[in-house]
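What follows is a group of structures, each given as structure tokens.
Shared between the two complexes below is chain A, which pairs with chain B and chain C, respectively.
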Partner chain A sequence: MIKSVLPSEIKEYLLAFADDEHLMGQQHTEWIGIAPFLEEDMAFASIGQDELGHASMLYALILEDSSEIDAFIFNRKPEEWRSCQLVESNHRNWEEALIRHWCYDMAEDLRWELFRESSLPELVLISERALKEEKYHRQHADALVENLLTVPASQSRLTKALEEIVPEVVELFSSIPGETEAISSGLVSGKYCDVFSTWRSRVENRFGTLDSKLFTTSDHQSRTKRHSDFGPLYGRIREVFLLDPKAVW
Partner chain B sequence: MRIYEVFLKADGKEEFRHAGSIEAPTDELALVLARENYARRAEGTHMWVVDRENICVSEDGFIDANLNKPHRHNDGERVAKWRKSQRNKKSDD
Partner chain C sequence: MSIEIAVSVQDIHAAVETVNDPEYPGISIVDLGLLENVKVNEIGEVVIELIPTFSGCPALQMIAQDVREVTEKLSGVKKVDVVWLNSPVWNVNRVTAKAEKDLAEKFIVAVQIQDRKVECPRCQSETTIKSHFGPSRCRSVHVCSGCNEIVETLRD
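And now, the complex of A and B:
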């Protein structure tokens, strides 16, 4: 099948998703060896690798050539990234990492669902594949959270982390550059922000009713701005690559 | 936390085989964690996790009271040899 060249607005739109998946995967995998128990650090890093796999499929679609992915990732300027603040920020403790995993994965399947009837056949296949994995990511996050919420000390730590992270997730749903063109071309079936209420219900069903102020966001342009944690994060991603930029892997 | 033993079965006629063990607080988390720890590279199509508490363990010596039992090891070599000699005898006739 000959792939059609995607318009730049569509590429921009897909790039936001690819960059979110990439940085979320990277952040999860960084818990290898330091998560609270052995089984969990392996499981969390493995889930992170699934997200990296999703990112790689989306990058291949955008670049139309999977051999270009490495160069695209490792040589991009910070202002050329389209990731949201949630995946760029550095959550230093375990409860924040777990809550972010829970919140992100409860939002991620809703995002993939929008591509199930995409006009781009490759995207339909990628979303079906991702949705199969996401079911278990949600189960992992939710089973851990459900268990920890039964312990009062854990509950208060999780609630505090949730209040920090919810506003960042709200921003994940805000309008994405190229979304209008993506909808009109049939690439995606609707706006991501239209499924926000489903996500909010999931949060409040699990954690109870939260202060409504947490669900409002003031900054809708943040995908073009980098979080102050992006620099060190990108440094860690490029650490090995920069040892020998010309090396063939 | 409880300890669970993990078993995986590859597709087809393969039997379930012990893959390792895992520590988890609940049955559901044992399944979820075992999935990522032992089956993330498609090592199998079916999985059992068994709470170690639920395994019936035989006492020491229960099955190895005597390991030296040559009378139970018959590889059929002597019978095969005899039958072969009988066949050869017939064809000589």
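And now, the complex of A and C:
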């Protein structure tokens, strides 16, 4: 398969991943300068940069001309995005941002793993690169959470944040447009929701057993609709681009 | 019979070698292991394949532009394409001994060469890793056991 002939369902499927990665990266970088301590300020900036890079590699597969990636990201209508609620939500508390980072990165490698034997050779290469970077993301998130969980006040805040965020992760794994076609064409080796149980055991190994209902509730129905936080987020991330749409960064 | 070549791969290589990493003025991108391949045909159409240290690096456009500019100045060059490859994945073992020495002496930055202990560029003592994420995405933070200083360390 070459990108010019990628079927539209496959492009939709890759777009969901690219949009998730891009918005997650943007959300992380919003902690630059305001994270509670310098080390986290820097870590979130670097991890965010990685996610933006992953998104660019995926957008390059979807678009005919990779020089159009910026315009594609910043000039799209909200209904043309395929991101999930988890990456659109405006989590302004540090504990929520940290828990989202933990939850997202504990799910991300499972998503890249599905591409390891993809029929699209470029995707195999991209996933190898991403998986290498993701190892550090998980180490970072987990080491910090592990330490914070030993402090009772932190533990209760993190647990509360986790209960808020887990239902959003349920949606991350599901409702991916084009997934059936992606599997039948060999682009991807299986359904993302089939590895949800692996993610769930990672959560419960770290945080202890949670109410089962959290793992089955999803209040967001579709990646074709945007969460109410998307508008302000999109406004913030387009701000600089709109100053000079033709600029090369 | 010899084939007339518009410009040699060696000349292009030498030109690319003059391009510095924007973050480390004086250190060539070739010594940092970014150059993967140079291709040139008989009419002077050049393709330069680079690999990024990491996919989200904000300097990619700038580096590609610098590479294009120095190559276009060579006589016999008709067209230059700079391509960022997704494979191979860059790693610190691609950094030459020369760049490693320059990073230590000019920037007080160590390099995390695989399976080798990271040495403090100031006092050569052993260091331990403090965080994988430092002041930029390709630098981790180590602490020196000798002088107790923070050691920024180039990593993949």
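Structural remarks
Convention: the second predicted complex is superposed on the first by the 237 of 249 C-alpha atoms of A that agree within 3 Å, B and C clash if a C-alpha of one lies under 4 Å from a C-alpha of the other, contacts with A are read in each partner's own complex, and residues count from 1 in each chain.
In this text, a residue touches a chain if its C-beta (ideal position, glycine included) is under 8 Å from a C-beta of that chain, and two chains touch if they have at least 3 such contacts.
None of these values were measured; they are calculated from a predicted model.
Bringing the complexes onto one copy of chain A puts chain B in a clash with chain C. In the overlay built on the shared chain, the residue A:Gln139 is in contact with chain B and with chain C. Once chain A of one complex is fitted onto chain A of the other, the partner contacts of A:Leu125 are limited to chain C, with no touch recorded for chain B. By the touch criterion defined above, A:Asn75 lies against neither chain B nor chain C after alignment on the C-alpha atoms of chain A. Judged by the touch definition given at the top, the superposed model places A:Thr224 against neither chain B nor chain C.
Once chain A of one complex is fitted onto chain A of the other, the partner contacts of A:Ser46 extend to both chain B and chain C. By the touch criterion defined above, A:Thr198 reaches neither chain B nor chain C. In the overlay built on the shared chain, the residue A:Phe37 is in contact with chain B alone; chain C does not reach it. In the superposition on chain A, A:Ser156 makes contact with neither chain B nor chain C. Counted by residues of chain A touched, the larger count belongs to C, out of chain B and chain C. In the superposition on chain A, no contact is made by A:Ser175 with either chain B or chain C. Overlap of the chain B and chain C contact sets on chain A: residues 39, 42-43, 46-47, 49, 136, 139-140. Residues 52, 54-58, 61, 86-87, 89, 131-137, 141, 156 of chain C are the ones that touch chain A when the two sit in their complex.
Of all residues in chain A, only 37-40, 42-43, 46-47, 49, 136, 139-140, 143-144, 147 touch chain B in the complex they form. Across the complex, chain A is touched by residues 1, 22-26, 28-29, 32-33, 35-37, 40 of chain B. The residues of chain A lying in touch with chain C in their complex are 25, 39, 42-43, 45-47, 49-54, 56-57, 122, 125-126, 128-130, 132-133, 136, 139-140, 248-249.
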